[in-house]
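One chain, chain A, appears in both complexes that follow, with chain B as partner in the first and chain C in the second.
Take a look at the complex of A and B:
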């Protein structure tokens, strides 16, 4: 009879399994999510290599003929002025990661802090102000907001970054606000009040860490949104100003495709599609794993 | 009467939002916008000439007065003349907005319609290979940039390298048949891009509704699956669907007309906005940005009122 409780213990889930370890186990069983993660890691290694100068450092140099064909030397051929398309596409990976990381980290941070304050003081003037600001940002169409910011900054290379951060924090902020309104009614917040912690300390030390699962998912969503928006903004001429990006390559290729030269278009589109698709798969799996409601 | 009160209250509640969007667009494009003084002056201007131009541009007025002028311009639709062509901005907009509406409306409507249909189809066969295929395609569609879709569809359907069925670019319309010829490829690209996001969103909404008790009850009473979907599910999903449609207007209509018109060379308001962005044409830019933001706020208020009409449970407070 002694064996019975042991068997039950082995079959049932281990006791005190937290959100994160449960999420980790669940994520490890999600095949699409794992594939997505590995592809993203691969892209990150490519970007890191570019950053360290290991490859694609000659992306701006003319190394071949105009519109050279695909060859062992030029894996994707050469562009209008004879630059190696493969090197340019690799270099663009670095641009994409720089943009994605900066925008994702900063807009998630802004969204978390403003959302937490709005939620904690919900119904008060801080909440009203943040809600008003979110409504205003949501009402100005994104591409026009970027154009307006670029206009006021006089074509600064930071216009796109500022506009993306100014727009993307709103989604995160709304979710964090909703979560904080629920969290602040719980006992641990009451306990923190009781031992005399200041409200700011409660928000930063006790409430924000408990929204981290939302922030992580939102950061991955923002990363993808930044990369996708860059392509369109660069095509419109208000995106990346110096350097090289998939958006600039596609903008360059709009002239070439009608002349029957597709390498630039295909290289940039495929690389971008791969990263965005992988990131979407990773993000979906993460969301599933971290959602306390979903049971599989 | 109650509805009228509700409408009035919503309109008053929208005032801070209208103030916000006009204030931000004023700050960005008028107050911190580039100084136009020296663009309008000849070489070696005298101090008096500079002062004259500055007062003509309103630069010498206090902040509040300049903001008030901007709001007056928006309210009276009097934005002055375009810096590049000298045409009145209001005339320019009146000429180009109908073109843009004609261009993006089919894609917008079809994208949402097919999105709901596919979502119903997938949700009603949840977990089956049909569902998985539809959701897989939607994930792929979400990962493809609008610009890439536009270029690819143009290549396949319009260029001499593809099928060559439709004109490559332009907007030269004299008959309904011309309209179809020019609008098809942009519409296909819009529907393709919109479907990925829409299907996913609508499926999530419908799946949630399908798991409700009233649907189970209807099933137990032997109501046919088609009737459950069309009557018991779709009607209850109306609110999230209407919200989605209204909130996607700025994305599909603005980014759609910006990209499609720039790429296909169509003389709509998106092309006008693009030209204004690239040349820094302030009167046009501030008209487009200010007007779309204000119109969008009004559209949101209208949605709230529509909710009230569609669902009497929505609280009047």
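Take a look at the complex of A and C:
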């Protein structure tokens, strides 16, 4: 029983009320955000299952008749060569997560680092250079950029990834740059200088951790943007090169829709819509919860 | 130990180039507590920052001068050399304990960072050293509080953490820029006592920047009085308070509220405004507010000249030294 007084003291101590715990509590009170999060988790499980080979591994095989109807065996029917549409739609979930995660993580990282350096050295040559890059990328239409990169890489499967990262870092970078310009005036940055830290160490260890709430929200926004862009790029033939995706399914369905067969189109659109919608709800709630200006 | 010679710092502003620190010379002996006093904007902080090579640049620039720490000129060091000095040989603590600690990093992270930067310690050793240091500055249960975030601590507690960080590598000189201004009165006294106690314990020199002469009287052995970027008087505490030589110092001392006196009719204040340092008058900068002003004050700038009692004053017509 020697530990008893300490336990009491710990219970009586004021609750941890940091930015993150406050945000967590606020997020938990947001119904839409929670629903969004659970739906995203559900999709993630589906994607993980595909990745582990638990289901939808027969997406490329012909398992039924051409344009087979909805049945217990083929929940969304089959496509024009008899492949199961439901399996293909599930498999595409994995493609979407792969793309979303890779693009979100990398473009957020690039945006954070470039934005932090630009903001920290605002007015200097690094800032000028980063701003110039942002201006250039903003002035090139996105689909033209992807096409250009796709052609220059000789139809590489990475062309779309590279183009998306090259485009999506800009928004994050602008936000981070603005925040860092504010942060670097705070006294703790001066104190970090005064203990002898180098500027690079100050940027990575003291400034970037203070922009984490922005990065988290930006990553979710980028995730959604990547999934939505993939559809159009794949439709145009400069997106996913091998494998299956919702964009490729919709591209495939253009011939079918003319013939009055909508299953492919509906399955892909529905699944994509669900994920994008859920992610947006999650992202909005996250943004609200992490907004330092919000009361409560 | 520290010798500053003819230091001048300028800033580029919209109103042109202003000289925030103008040919300042002073020295600090090992183990000595020196007060640096003056009204707001007279260049105290800039002087302190320049000792660490931290004058924001641009817009600031050290124009000339020497800062000798044990004989080595800090102004001749490159950035990497200066970084080795900061936090280990010379430390600085700031006015705002609320914002001087990084809000998203634990106290422990921030303390071990300094220790590992300047000493070759393992993570575990640094943590032990940090806990010891927190105990020394008077934080209760340091091995628990080390894992807290700054917002879980009070202002006085945070200023103690700042002090612990500043002292953890055993500096020769601590620059404390208004370390207690943001704290309430009781905490102020505690933190000041703590600084004095630690100064003895670690045998380091302290430059205490403040605009509160009362604080100087309590803690310092010597004081430097600044006005508009210049040093106007330097003297040991006893002679400074008993017999100020510069009319400005006299004015500052006169404006300390004396709570114990029953009838305060009107707090004596120094008449007039501090001149804009972008457009300083010729001659003595204090001339327009001085009660001893004479014609020559407006023509020639006085230079700091040694006086009796180990002091120095920059005034053409200083007050008579009072004896006894």
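The criterion applied here is as follows: the second predicted complex is superposed on the first by the 279 of 296 C-alpha atoms of A that agree within 3 Å, B and C clash if a C-alpha of one lies under 4 Å from a C-alpha of the other, contacts with A are read in each partner's own complex, and residues count from 1 in each chain.
Definition applied: contacts are C-beta pairs under 8 Å (C-beta built on N, C-alpha and C of every residue); 3 or more make two chains touch, one makes a residue touch a chain.
Not measured: the values here are computed from a predicted model.
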Combined model on chain A: chain C and chain B, fit or clash: fit
After superposition on the shared chain, which partner residues are touched by A:181: those of chain B (first), chain C (second), both, or neither? neither
Contact-wise, after the overlay, does A:235 reach chain B, chain C, both or neither (first, second, both, neither)? first
Please work out whether A:35 is in contact with chain B alone, chain C alone, both, or neither, and reply first, second, both or neither. neither
Quick check for you: in the superposed arrangement, does A:113 touch first (chain B), second (chain C), both or neither? neither
Partner touching more residues of chain A, chain B vs chain C, is chain B
What is the contact status of A:258 with respect to chain B (first) and chain C (second): first, second, both, or neither? first
With both structures superposed on the shared chain, find the angle between the C-alpha centres of chain B and chain C as seen from the C-alpha centre of chain A, to the nearest 10 degrees. 100
Given the touch rule stated above, what does A:281 touch, chain B (first), chain C (second), both, or neither? first
Touching partner for A:101 - first (chain B), second (chain C), both, neither: neither
Under the stated touch criterion, which partner chain does A:129 make contact with: chain B (first), chain C (second), both, or neither? neither
Shortest Cα gap between chain B and chain C in the overlay, whole Å, is 14
In the complex, the residues of chain C that touch chain A are 52, 54, 82-88, 91-92, 94-96, 99-105, 113-114, 117-118, 149, 151-152, 162, 165-166
For the complex, which residues does chain A have touching chain B? 132-133, 135-136, 138-145, 147-152, 154, 228, 231-232, 235-238, 247, 250, 253-254, 257-258, 260, 262, 265, 269, 272-273, 276-277, 280-281, 284
Listed in rising order, chain A residues that touch chain C in their complex are 16-19, 186-188, 190-198, 205-206, 209-210, 212
Give the list of chain B residues in touch with chain A in this complex. 16-17, 20-21, 24-25, 27-29, 32-34, 139-140, 142-148, 151-152, 154-155, 159, 161, 168, 247, 250-251, 254-255, 258-259, 262-263, 273-274, 277-278, 280, 282, 285, 288-289, 292-293, 296-297, 300
